[in-house]
Amino acid sequence: MPKYGMVIDLNKCSSCQACVTACKIENNVQIVSEYDAQHGRAMFWMKMLTMEFEGDYPNIRPKTLPRNCMQCDEPSCIKVCPVRATYKNEVGIVAQIYPQCIGCRYCMANCPYTVKVFNWDRNEQPKEVEKCYDPDVSVRPKGVVEKCTFCIHRLQIASEKAKAEHRDMEPGDYVPACVETCPVDAISFGDLDDKKSEVSKESRDYRSFALLDELGTVPKVRYLNAIE
Amino acid sequence: MEMNRRDFAKLLGGSLIGFAVGGAGDALLKIPGMVVPLLYSGPHVETWKVTTCAKCPGKCGLRVRMIDKFPVQAFGNPLSPMNKGGICPMGLTSVENLYHPDRLTSPMKKVNGRFQEISYAEAYGILTNALSSNGKGKAAFVAQTDSAFMGGLIKQLMAGLESEKVVVDNFASSSSMPFDRAAADHPDFIDFESCDYIVNFGSQLTEISESPLYFSRSMNDFRAKRNEFSTFSPKLTPDAYKANRWVPVSPEFYVDVALGLAYVILTDGTYDKTFVGNEFKDFDGFKKLVMENYSPAAVESRTGVASKYLIETARKFANASAPVAYFDESILYSSSGMRNAYAVVALNALKGFAGYGKLKDRELPDFENKKENESPQSSWNSRMLIGDKDIKILMIYRSNFVFNSPGQDDLRKAISDIPMVISFSPFIDETSELADLIIPDHDDLEKLDAFSSTVTGAPVISTQQPVVKPFYSTVHTGDVIVSLIADLKLSKNWSCKKYEDYLQSYLKPVYKHGKGMLMNQQKPTGLEKSLHQAGWQMASYSSFDEFWQQMLKHGGWWDPFPQTSKYKPAVSLTVDHLTANGRGDQPGKNARGNSLKLNIFHRNFDYRGNMLRNPVLTEQFGMDKDVYYETWIEINPATAKRLSVGDRTKVKVKTGKGAFEAFVIYNPAVVPANIDVPFGLGHTASKKVYGVNPMQYSDAVFDEETGKPSLSETEVKIV
Amino acid sequence: MSYQDLHDEDEVLFRPIYESSRSFYIIVIVLTAVFLFGLGCYIRQLFYGLGATGMDEPVSWAFYIIDFVFFIGISHAGTLISAILRLSKAEWRRPITRMAEVITGIVLAIGGLHPVIDLGRPDRILHLFERGRLQSPLLWDLTSVTAYFTASTIYLYIPMIPDIALLRDRGGKLHNFYKILAWGYKGTPKQKHALERAINILMVMVIPIAISVHTIIAWIFGMTLQPGWHSTIFGPYFVVGAIYSGIAALVIVMIVFRKVYHFEDYLKEIHFKYLGTLLLVVSLLWTYFTFAEFLTTFYGHEPAEMRVFLYKFVGPYAPFFWLMVLCNFLMPVIVLSNKKTKTIKGILVASIGVVVGMWLERLIIIIPTLANPRLPYPTGMYTPSITEIGIAAAATSAFVLGFMGFSKLFPLISIWETKEGREHSVHEVSMRLKEYLPGKTEESRVEASVKAEI
Amino acid sequence: MKNKLVLLAIVIGFSAGVVVVNTAVDREEKFTQPIVFSHAIHAGKFRIPCMACHQNVMLGARASIPNIEVCGACHSTPMQKTPQELLVYKYVSEHKQIPWYNIYHVPDYVYFSHRRHVAIGKLNCKLCHGDMAALDSPPKTQFLQIKMQNCWNCHEKHHVTTDCSHCHR
Amino acid sequence: MKDRTIYLIQLMTLSFNWILAISVTLWFINLVVVANQVKDTQTASLWISILAITIFWILAGVLSYVFFSLHKYADEVK
């Protein structure tokens, strides 16, 4: 079984936020009302974070990074889920089962990366967005927690296609929407166990680091430091 | 047991209450919003169609995902040489425009200040009548299109109408303006392959440029080779923090900085002496001007740019084998507008434009006509509408210049004074709401068009095919203009009936020329490459019609192995260009006071004021700052403390044009003398208004030559 | 001894059951109105989603969880205190235990509902039973709260059986109701013996259950990786806090009902003095835990922890934090350690302070941590919405209503225990005291053997 | 006693309310298919394979109810001139889609793919849809109720994955 | 009311506790079975279940003990 992982090269990333939009439209993530957005309920699975500013003005650089679900190998969210609505599946993706979730938000409280978002309100979308729903992904009702799933529906479709064509999955068959969209190919995606894959090479690069590595969550999303 | 009426009533009442409670309780478990209805119920057949994104000058290839023949998503086309599969937020959300409820569904005519739906025939009748009775010499056209073909068509129409009052607002043409005037023509591309140092004057290469996605990729390759680049800009935008050095400087001082760099190079004597000797006109006058006014110390005292950075940058620039001093449209947005651009052109000339390239092969018709179509023959700009009593008819194609320019009230008044204003906008926006007649254009996904570009160093023609049949009774503006030219007999030998014919007439030579390939496969490598260069082609088409159909299907044509050469212009630069003759400005006159300045900055989401009607983009606009649906200002914490303004609070920002409310964000990277405010929000014509349009509050100075406003020189106070 | 011949003095204990003043009905109507308002708020929340609350993206748990922890904390008033006092044979417990146990029962029911109110999808609550995952502390919590509720209800009920029997024997409207509940108790020695045996078993069982309940609630937070929560001390810290708020709530309830139902003869000043001393001890214990918790955080100086720490000490939550220190430490210690102020009024003031302070403590524990996630995220003051306040008000009024309702059905002070105390304890205690003293008397030995036979 | 009767009435009323609301909410829409289509004639008598009309079965997630074009391929001219066939012919000649009622609904949070089951899993259509070739008129109810338990049972029986994320999304 | 009815009602109230204990037991057995099915936290589930089930059974047992002994010794002369 492959173990899917992602490496985001901060040296290449130009903070254009295409991954954020791609994620939003690929996964039918709810657009919340003006009131909700201003009260901290905007929903983004992929988010552009400004971590800190390095240096003093004018030799100052913000450290920005796109942050999606880290798809931890030792996820702290699944430990606390009382109903098995979130769990790690055989390919290492931490999946979220929306029809199972009771909305207790314990996983949100326990995620050190704050990647989980909650449907605080009824899903009432603008007309133009409703018509652009991705039919591969459900539209979550209110009251459930959701998060990045590495576009697991794309994995289903890709594996199905590969099986129908009587072949094995090939590296390029399944990539999440953010990876596909990234204009500068800053995000590489693939099988971490395959030592020859680009993502596994990059994850062992001297520049590579994981967010909050000290917590022992073993994220499968790693970053490559920017070269100064 | 006896039962009287009372008991019966009790029983009935009890059971009714029980029924109600039970029913309601059960219904509660099926609360609205708990279940979301099915997304689709059709057969769910998925198809993909290839087209080109027309949201910005980038000409990225798009793959549109269709479910049961309706577009649902758009992604980048991996075979397009412009974007290679990547796509920006604007392109990703292009489907939303198609379904937008605010789209105009039919031509509209203004009657007593209100728009009424009319038929296309009627609208076209009004248009032809107006143009034939009152058109010759009295019409003006403001267009915003990145298609050289559409731009050319518009110019042809205006030529027929004997009017020079036409502006095609096109990123490429704006940025090539100073090249056109200072030099013989302009370079086609930056030679990223050989260039090794870039000084960037204020352009947001990866966000707002001729092709943001191409530049993002090339800049990464450039940096991967450990090449350096420096950015002079008023704000630390995402582009600037990729630079090896960012030097904060206000746009009106670009001229000082560029000439300060030139000073160092001239004193070091490291400039390209043969080029300067042969090509640079009036070099001595230039040298004298620089030596007198632009010593690094003098520049530092005026601009605040440390002279050590100037010297360091200048030496790097001079020592590089192929340096580029890059600028684009944004350099014009200051009170020293054109002088900035000339100064950078002059700086490039000192090294002989070493990092720029030129396409050698000039057989391609489109690119031959490019200059004719795009270069500003007349120096008319939309600002000149104000006070021009001769204009009787104004036509506006997709440009929302009222929104994206300061001094809106003057423009609004000028437009309302014009007796006949015709807009071709598919939406009611701030500009088209002033029109008397709107003939809405198709949405980009319903439309046929083509774009040409040389920015990658390879000639590319990207085609936009109609992905869906038009939803409403909208009309392709190209078709309107083509039939206008035919009906009003504005051009001799006009044989086109539709815009498609017009496009084909331009693309036939490309077919005959025989080189290049369709965007249906990866760029050839190895043997294929050598075959290709030797002139062998694996054409998959045998006739022009087939070529045209294939081109539409695959998203375009390009020549992966063009013949290029170093760009060698004859620089006809005079000292007058750099001293802003006629304006009375002298070098160094733009001293900046101690007051706070409002710096309006653009983001990659919407720099033409058209895209932020898309819900996804609007929500995401301030996401990285965690501000939603409202205008924010970015302020240096030191400045904020001085003004006692708290982080994430609301303040009133006051300029000469009024005051607006904004949300404060501390940002240590902001120039202490500036308050940065993003452009994009505040669409007053849409149903729900989010935020404010900072342009409305800008006391901009307009550069007479370009008509571009200064965006960072408005004095501002925080109340 | 017959159950009909009652001591005349104890008649006052029955009075609340048979007599209700006008103010009683007014209070009931007002509280019912508040409760219905809260219910309306909840139904509105069901329709509009949790967006009706003031919670947002990083602060995903707020008022409901604070109330949950707080109410469950209060519940320790009861069973735990009465069990400990019973176990330690503190004779002054007799008039207190019943009230303490009632508080436990009612508050547990209310507090236990709070997580359900907090759920985004209460209609899917059955998923907990179908596919629950026992590794989740939430499920431990569900189990332990259920166990504690069952245990404390039984522990309330069994010592009440003799009193119910008394009520049954008095007859009246609810004769059948009491008859059912009295389980045929007639006061025979064997019955009494069985009862006492059961009480002893329960007494021993209830203490670990009660401690486990609050420890597990602490673990809900302590098991996470979040700064400010991930702490080993949390279990005992929460238990101490729970006992602390429990005693305070008990004191308030005792003082109020003593005044209203004229129990001055039963709840004497000495009871309050003892409870005041207990409160003082627990207050110091709580302060010690708080100090230990914050000192280690401060000394370790881990950045994420420090962000939370500073958020509490000098940041937006500083007013609440220092108010909590005032209410939970300074005020009780000053009031209770001074003889002049250690009057019933003083103890009441201190107790109200402690209840408020303990609520603030839950707030201080829960919100600053959530508002300061490890990765940069927008933080901001959490402000509760009208829905949350309404539901909190409804919960409080439900508690008061429940207590008032109980007082209309059963005596608030254990009659048989008082009687037993009057009849046996004086002698027993003096015997016990004599046993402590050096040189055992013959008399005591005889007494002891007699007692053993019984 | 009467009070108890009232209590009883409330209880009965309560349960009645639950039942009524439940049935009212879950009520299947009453419908008649526009045409009494006979699978028995098409699939039974003429042995037309399922995929001939439900063209998307092997290709995608949904089997697709045939378009009018599919009907029109054979019924471009009436063959037997039965009243039902004339009705079809009417739709064909007017190029209008037949407004079929869809009786199989899969909730959108469930990913069910016909290709996965038929093309890859090689399952017979009969397994879920019953012997359609024997039906003279269109079915009114689902043969195999679309319930998770039914999916689960079959997956367990055939040792196919029961990983939630394979179907839920 | 007849004594017999009262006794039945009393038995019913008592049986609530048993229903609780049994349903808790069933619930935990179900959870252990599920945990075993999905091969996830089997041991933890087992131990927690054993602990919880014991507590509920003891509680129910104590209550029943009281009930039956009260009824048994009700008629005894003091």
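As written, the chains take the letters A, B, C, D and E, and residue 1 is the first residue of each chain.
Rule of thumb we're sticking to: a contact is a pair of C-beta atoms (placed from the backbone, for glycine too) under 8 Å apart; a residue touches a chain by one contact, two chains touch by 3 or more.
All values reported here derive from a predicted model rather than from experimental measurement.
J.: Determine the set of chains touching chain A that also touch chain D.
T.: B
J.: Looking at CA centres, what chain is most distant from chain E?
T.: Checked the centroid distances; the maximum from chain E is B.
J.: Of the chains shown, whose Cα centre falls closest to the middle of all protein Cα atoms?
T.: Answer for the innermost chain: A.
J.: By mean C-alpha coordinates, which chain is most distant from chain D?
T.: Centre of mass proxy via C-alpha means gives C as farthest from chain D.
J.: Between chain pairs B-D and A-C, which one is joined by a greater number of C-beta pairs in contact?
T.: A-C
J.: Give, as an integer number of Å, the spacing between the C-alpha centres of chain E and chain B.
T.: Measuring from centre to centre gives 74 Å for this pair.
J.: Using mean C-alpha positions as chain centres, tell me how far chain A is from chain E in Å, no decimals.
T.: Each chain reduced to its C-alpha mean, chain A and chain E end up 46 Å apart.
J.: Between chain B and chain D, what is the separation of their C-alpha centroids in Å?
T.: That gives a centre separation of 51 Å.
J.: Just the number, please: Cα centre separation of chain A and chain C in whole Å.
T.: 44
J.: By the touch rule stated above, which residues of chain E touch at least two different other chains?
T.: 34, 40
J.: Among the residues of chain B, which are close enough to touch at least two other chains?
T.: In chain B, residues 30, 32-34, 36, 39, 44, 626 touch at least two other chains, as defined above.
J.: Going by the touch rule set out above, which residues of chain D reach two or more other chains?
T.: Answer for chain D, listing residues that touch two or more other chains: 107-108.
J.: Which bits of chain A are touching chain C when the two form their complex?
T.: Answer in residue numbers: 36, 39-42, 49-52, 67, 76, 79-85, 100-106, 108-110, 112-114, 117-122, 142-145, 211-212, 215, 217.
J.: Could you please specify the touching residues of chain D with respect to chain A in the complex?
T.: Touching chain A: residues 58, 107-111, 113, 115-116, 119-120, 163-166, 168-169 of chain D.
J.: Could you please specify the touching residues of chain E with respect to chain C in the complex?
T.: Its residues touching chain C are 1, 6, 9-10, 13, 17, 20, 24, 27-28, 30-32, 34-35, 40-41, 44-45, 48-49, 52, 55-56, 58-59, 62-63, 65-67, 69-74, 76-78.
J.: Flag every residue of chain C that touches chain E in the complex, lowest number first.
T.: Its residues touching chain E are 1, 129-135, 140, 143, 146-147, 150-151, 154, 158, 161, 176, 179-180, 183-191, 194-195, 197-198, 201-202, 205, 209.
J.: Write out the stretch or stretches of chain D touching chain B in their complex.
T.: Listed in rising order, the residues are 1-2, 5-7, 9-18, 20-22, 25, 56, 60-62, 64-65, 67, 102, 105, 107-108.
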